[in-house]
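Reading through the structure tokens given below for one structure.
In order of appearance the chains are A, B, C and D, and numbering begins at 1 in each one.
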Amino acid sequence: MALIALILLPFLGGIFALIAGKAEPTAARIVAVVFLFCGVLALAWTYQHAEAGRWMMMTREPWAPAMGMSIILAIDGLSFIMVALSLALGLLTVVLSWNATDRAPLLHATLCWTVAASNGVFLAFDLVLLAFFWELMLVPSFLLIAIWGHGDREAAAIKFLIYNAIAGLGLLAAVFWIGASGPTVSFDAFEVAERGLPPTAQIWLLLGFALAFMVKLPVPPFHAWLPDAHTQAPTVGSILLAGLLLKTGAYGLFRFPTLLFPQGMEVLAPYGLILGAFGTIYGALVACGQTDAKRLVAYTSVAHMSVVLMGICGGVHFSLMGAGIIMVAHAFSASALFLLIGAVYDRVHTRDLRELGGLQRSAPRFAAAFALFFSATLAMPGTANFLGEALVITGMFQVNWLYASITLVSLVVSVVYGTRLFQRIVFGTPRKAQVTVDLSFRELGPVVVLAIGTLLFGVLPQFLMTGLDPAVNSAVEALRAATP
Amino acid sequence: MATMGLEPLAVLGLAAVIAMAISPRASDGTTRSIAALGLIAALILAAGSQGALTSALLTGDAAARFGTGLCCLSGLAALAILRPASAPREAPALILLATLGASVLSGAAHAATLFVGLELVTLALIALTVLPRSAPALEAGYKLLILGGIGAATLLMGLAFAFAATGELTFAAWSSTDRLVALGAALLLAGLAFKFSLVPFHMWTPDIFSGAPAAAAIVAGVASKVGVAIVLLRLQPQMPATGIWQTGLAALGIASVVLGNLQALRQPSLPRMLGFSSIAHSGYLALILASGAADTAQAVLFYIATYAPALFAALAAAAILDRDANLTGLRGLVWAQPLTGAVLTLALLSLAGLPLAVGFWAKFQLFSALAQAGTYGLLAVAILGSAAGLYFYLRFTVTLFRRDGVDFPRPPHWQEAAVLLAAAATIVGLGVYPGPLYALVTASLP
Amino acid sequence: MTEDSFTALMLLSTALFVVGLFGVLARRSILIQLLSLEVALAGPSLAFITAGARHADAGGQAMFVMILILAAAEVALGLALYLRLRRTADGTDSDSLSSLRH
Amino acid sequence: MEVFGLVLTYNHLLLTIPSIALAGFVMLGLDPFRLRDFEVRALALIGGVGPLIPMLVFANACFHGQCTGMVPIFTLKVGESTVALALQMDPLAALVGLTVCVIGAAVILFSVAYMQGTALPDLRRFFALMHLFLAGMLTMVLAGDSIVLFLGWELMGLCSYLLIAYNTTSAEAIRAGRKAFIMTRVADAFLLAALLLLFLEANSVRLDHLIPAGVAAQDGMRPIIAALLLGGAIGKSAQVPMHTWLPSAMAGPTPVSALLHSATMVAAGAVLLMRFSPIIQAEPVVMAIGAGLGALTAIFGAAAALFQQDIKRLLAYSSISQIGYMMLAIGVGAPEAAAAHFVVHAIFKSLLFLSAGHITHHSPRGTDIMAMRGASQRNPLAFLAFSAGAASLAGLPVITGGWWSKEAMLGAVWGVEPALWTVAVLAAVLTAAYATRAVLIAAMPDPGSHDGHADHDDSHDTGYTLVPLAFLGFGALLAGGLVEPIMHLLGAHVPHAPLFTILVASIAPLVGVAIAFALAYVPALANGLQRARDIARRTRRRPRRQDKPAGFWVRIALAFSRGLRIDTLYQIVFVWPFVKLVRWLNGYGRGVADPAGNLPAMAALRLQRAITAPFAPDWIDRTWTAFGGRILALWAALRRLQTGRARDHGLYMAAGTAGLLLLAWGLTWH
């Protein structure tokens, strides 16, 4: 039941926040925090009562048996880390929007719902349930962009939803095929994995799954929604997009292809590697040419998530582990950068790199925070990002030297865009917009949390590695078994 | 008590006669109350009756009861959103008649009942359409009359062909492989496609949605569609497997999905967009029917049942907004009228097939039926159609949340609010827990 | 009834249907369109009578009666509409009724 | 004692060496106590000098044969592999670490006075970054595994970027910092690749496993690893062809140049190769490449330095050249000699930077070489220190440290490849020439000092500046005595070169000095140089301007400088790039300052711009948008179908019916 609570608590938190907000607008945020915190407690309970073996905990409840669907939730280290991340980012965004005045109850409710839906994705092992949460997740994010966004938010919101919902159709179609393929209609991922699917079908089904995951990831050429969505989204929206939504794509790729379609993965992984390699360089190069700070960071996300794709498609222990670590590290560093850029935007109402500058003189705390997360983006050793990149490169050396060198090149290019972002904002003299107010304590809190996360997992990553190990191992074993 | 399965029809007919009889004298409220009572009574009877009437003309099986129930619900919804100010007193009686016609259709097993039911719906619908007596309403009514006449003639021609070839007026006639029957089947399909608003027989649909009162659109969009869908389901097993039926349905379905979605793409008026989208949804149903999947019937009934509440809610919102129900007029609706706005959002998300709204499960049924049947071409069309559909539903959804809102003339009437709330509850309730509906549908196969 | 006369009558009824359909499509006057509709409906009526005669089945006649009723109702509605329409639009040109489009 | 599963021993005190500096960084960087100016300086001093104390203890033990060796910190499990992080204290680490600590302490001591008058936040930032750099460098030096090594390596790069761009309002400084960061990052990528490949070979990150595994690597892996290591070292150490970032990095403050860009960080590449010398030495080809590049760099740097008009750039080229010597020594299999030169070079080069910085501090001419004029009167002590450093750089025989270490290297070179030795000796000549030239200019009277009273403002001649100058000055002269112990410590002997090579190498600096005197005091040459300088300066400002044909004496001066190329046979191999480089460096012809050096960077930038510019609008996005537009056009066409006319609608229906009938007809055709 704790697993169901992990999904329900944030969901109910959103509803109650909305109700409480009707009576007293300030009550909404407290309700949201309380419910999210209860989610954290439930997660802690899960950890305490973890069972030995591959899965820490598993729940099966009937849902719509006639349709072959049941509620199957399971948690292992990977899911645990992801759920923890989502709850943490949920709390962080609520705190960050603590003093929001514009439809604050709805905002806090939407944040809670995003967390609830992505928790669902991280825990669901009934394929229909997965597809359900997969699509559900889009709705609150869509609202976040459409209601609280900047600029041409409607177009960005529609673009976001269209890309992802269409990709989700691929997932849906594949899921139904799987459901109908067995002796009885069943969407139980474990059962399907046990039964095994015909190898040719696996390729097509994997294509359906991968479409959904890769658009969400996003991997070029499916990334065009991301820069717009990130740019127009409010700060909290950008944080959840970068920290959570992209991770659901990575999680999906990490988990399901090897679980359900090992043979298909064996066939398609080389193409995934090509796509990832292309995306890594492409994202980095495009990032170098951006003038909007948020867009720049968005393209760096494209580059980094493409590295994750490479890591996953590499299919060796190192690369998978590296991909898992980048998932966490990128959640911290990209969120923090969006937070900082958002804070700059709040003060001077521009994100144009040509107009910004001189933060180092007027707002040293800002500058220091920028410096830290800028180095995290460059995969500076000591940050979790480095660990992930290094592991992926190691894995790539085992797979194909070409990909390893491409990743190394992207490390060099990362300096080009990283310094561009950093020095245009922090150095020089402000051309138009002078930031005069340094980070407030309410902003500083989340920044410090993210900084600690980045550095802690960079220096002491054993917790992450131990957590990811079972998932990585079973992925590697599945691939090994699938190799003819 | 041994019931015959005819009670709902009898109650509906009786209520229609009473409502018509008292309408010149009695107040609007009384007429409506009587109509509502009649509908509710028919609904209860349909839900409660057990007997299976088997006559040559009508069947009273579970599917017929399911169809009657859904028709009664749509009748109630139509009744609730009739604008009190402008609705003439005959409207409740006409709604009852249309409901009756649709209910007869859902029980039809014979050329005569098929024809009578169809015409009852059409004529009542025409009358309902022209009731506001405004220029667009008259125009829509006239076009429906002319096109409906052609449609009826075509259908009758088909029935006559089959009768001529086999001497059989029941649906069993269609199992013949005679060429005349095949031609008749083509004509029948054309006639039914007209009522089912499949491309290219769809032209009247958007007019009804935008020109006529929203109540008429509900009747056209749900009640008559339920009836025709059940007729199609009943005809399906009779038809030769490789005949015109499957191929024609597939062709019409593909055309409807493609054209309906494309024409809705940038449509600025909400009801008109709903009209085009209803064409697309009919197309999805036709695709399911054409696929010949094992559980076609479940999928079709489930799909219609999930489509109904979303359409009720959307049309109720359109009725509340009246002439302003277009992209500019809908700006900021969520902030100005939270109930209407939120429910309309839900309805649009449901139509788009996003989860937590029941529409997700409709999409689920559609895809799984097509996937099960192994008709991947049709599946691809359905996926592409859904993808395009996302765009225009979301365009409206986004508009609802815009900040630069406009003023809205009136808050929803309590009846409209009731429709909205009931639809929202259904959409979300079934969206989270679709099991009961699926069980109901499984128990209601023809 | 011989097979030849059956075929001839069926062809005639089809021809009636087609002529009526053509009338609706070709003529713009609302009245003429309504008239053509009646002609089109006469086609299936004749076909039902013919088929009923061939199979010695009273169902054909029953259908004919019902089609008559429909035709009457449709004409009644159509004429009422025609009278209404004449106040707002040109009754001789149904094409002018095209405000609902796109 | 056990903390977090880590069993602490006495040896873990090794951790304190970088930690003290790191703590200084954290304190100054976060500033939790709102320190005042005085406190910031005090803390800076503590953080700067602090690491020296434990370092002395450990190094002393190590020098007496009781090295601590590997000190495991903690171990990560990555699947079946273990990543065992560790520090290590071996003779090389002790030597380099001690040098870094000493130089670091001296430079920070100097900076405390030098940075006087800086705004408090900038002061904190400066010292925080200096501390972070020290921590990074010490981490790299003491690293016992490849991860920690790379951590330190990258931290240095980051600090270098932030410190070069310390003056954040100067576009030039920011550009220079970025250039340095990007170019060194390329090297970092090489190094990372090498380290990861070694990790895969050894299945361990510990250096004591990595290096044997690297030596034993099969399947053509070893040459690749060795080449990658060399690539990493070349980039970080600003060797040809990746040297261009270093001269522009002189836009940073002088103490930064003294610490990072001459003595320690830049030489880290050489240290890296010393560390991994077993792998390098197993690959003769890579060794040969390293030696060749080292020699090329040595002579190129020296030649370039000779014609520099900016004292800091002169010293930067000098650093390039000197580290080229170290590379050369490593390339010929004498990393011990390189280590010795590393120590000596660190001392005299930081001394040169600090004293030059002291002399030119507050000068209206900035760091132009002419700002040095009059130093002998204004700052006699600093002048003496500078002269000592220059003498050591020039390698004046016997009395300077530079001579001893250079001699050790040259001896090793001689034993392997006399051609490289010749190059090195010629570089030594040039080295002496440019070093002496700088001293001569400093000895000249300052034409502007007669009326200026502010010039005698010796307020900076406090203990903070003089103590490090004096200490380093004596070190520069006396460090020669260290060379032999150092090489013994590292387990090698000073090579015994033939007497005549020693003689030649000893005469070389004197030749250089003579050349410098000639250039300064032979009027024709001096005027020629002056004219050349003027031409250079004018054409630098206005690159397109066509100069009149140079005068006779100028041509003589230029011809003389060109004449250097015929001095030796081997030099001819390098003549062509040399002359070109000299011309370009002085802005002749093309008119871009340091064009040869900028060429790769410019090409890279041009390439980068050429590649990124078309990407900026994101063509994939555009394709999708166009696709969307196409769909909308389709919609516009289709909506015209809905004419609204009943007859048209009827026609569609009729057509549809006809179609269905045809279909039925066709389907029943037997």
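In the analysis below, contacts are C-beta pairs under 8 Å (C-beta built on N, C-alpha and C of every residue); 3 or more make two chains touch, one makes a residue touch a chain.
Just so it is clear, the structure is predicted and the values come from calculations on it, not from any experiment.
Engineer: Considering B-D alongside B-C, which chain pair is linked by more C-beta pairs in contact?
Structural biologist: Between B-D and B-C, contacts are more numerous in B-C.
Engineer: Calculate how many whole Å lie between the centre of chain A and the centre of chain C, each centre taken as the average of the chain's C-alpha atoms.
Structural biologist: The computed centroid separation for chain A versus chain C comes out at 64 Å.
Engineer: Averaging only over C-alpha atoms, locate the centres of chain B and chain C and give their separation in whole Å.
Structural biologist: 26
Engineer: Quick check: how many Å separate the C-alpha centres of chain B and chain D?
Structural biologist: Taking the mean C-alpha position of each chain, the two centres sit 77 Å apart.
Engineer: Would you mind pulling out the distance in Å between where the CA atoms of chain C average out and where those of chain D do?
Structural biologist: From the centre of chain C to the centre of chain D is 96 Å.
Engineer: Listing for chain C: what residues touch at least two other chains?
Structural biologist: Counting only residues that touch two or more other chains, chain C contributes 21, 24, 33, 94, 97-100.
Engineer: Among the residues of chain D, pick out those that touch two or more other chains and give their numbers.
Structural biologist: Residue numbers touching two or more other chains: 639, 642, 644, 646, 650, 654.
Engineer: For chain B, jot down the residues that touch at least 2 other chains.
Structural biologist: 139, 142-143, 146, 150, 154, 206-207
Engineer: By the document's touch rule, what are all the touching chain pairs in this structure?
Structural biologist: According to the stated criterion, the contacting chain pairs are A-B, A-D, B-C, B-D, C-D.
Engineer: Help me check something: in the complex, which residues belonging to chain C touch chain B?
Structural biologist: Touching chain B from chain C are residues 6, 10, 13-14, 17, 20-21, 24, 30, 33-34, 37, 40-41, 43-45, 47-48, 50-52, 54-55, 57, 59-60, 62-63, 66-67, 70, 73-74, 77-78, 81, 84-85, 88-89, 94, 97-100.
Engineer: So in the complex, the part of chain D that touches chain A is made up of which residues?
Structural biologist: 29-30, 74, 76-81, 121, 125, 147, 150-151, 153-155, 158, 161-162, 165, 168-169, 171, 174, 177-178, 181-182, 185-186, 188-189, 192-193, 196-197, 199-200, 608, 611-613, 615-616, 618, 620-621, 623-625
Engineer: Show me the residue ranges of chain A that touch chain D in the complex, using the header's touch definition.
Structural biologist: Within the complex, chain A contacts chain D at residues 220-221, 223-224, 227, 282, 285-286, 288-290, 317-318, 321, 358, 360-361, 364, 368, 371, 375, 380-382, 386, 390-391, 393-394, 397-398, 404-405, 408-409, 411-412, 415-416, 419, 423, 426-429, 460-462, 465-466, 469, 472-473.
Engineer: Using the touch definition up top, name the residues of chain D that touch chain C in the complex.
Structural biologist: Going by the criterion above, the answer is residues 639-640, 642-647, 650-651, 654.
Engineer: Contact residues on chain B for chain D in the complex?
Structural biologist: Listed in rising order, the residues of chain B that touch chain D are 139, 142-143, 146-147, 150-151, 154, 177, 179, 182-183, 185-187, 189-190, 193-194, 199-201, 203-204, 206-207, 242-244, 247-248, 251-252, 259, 262-263, 265-267, 388.
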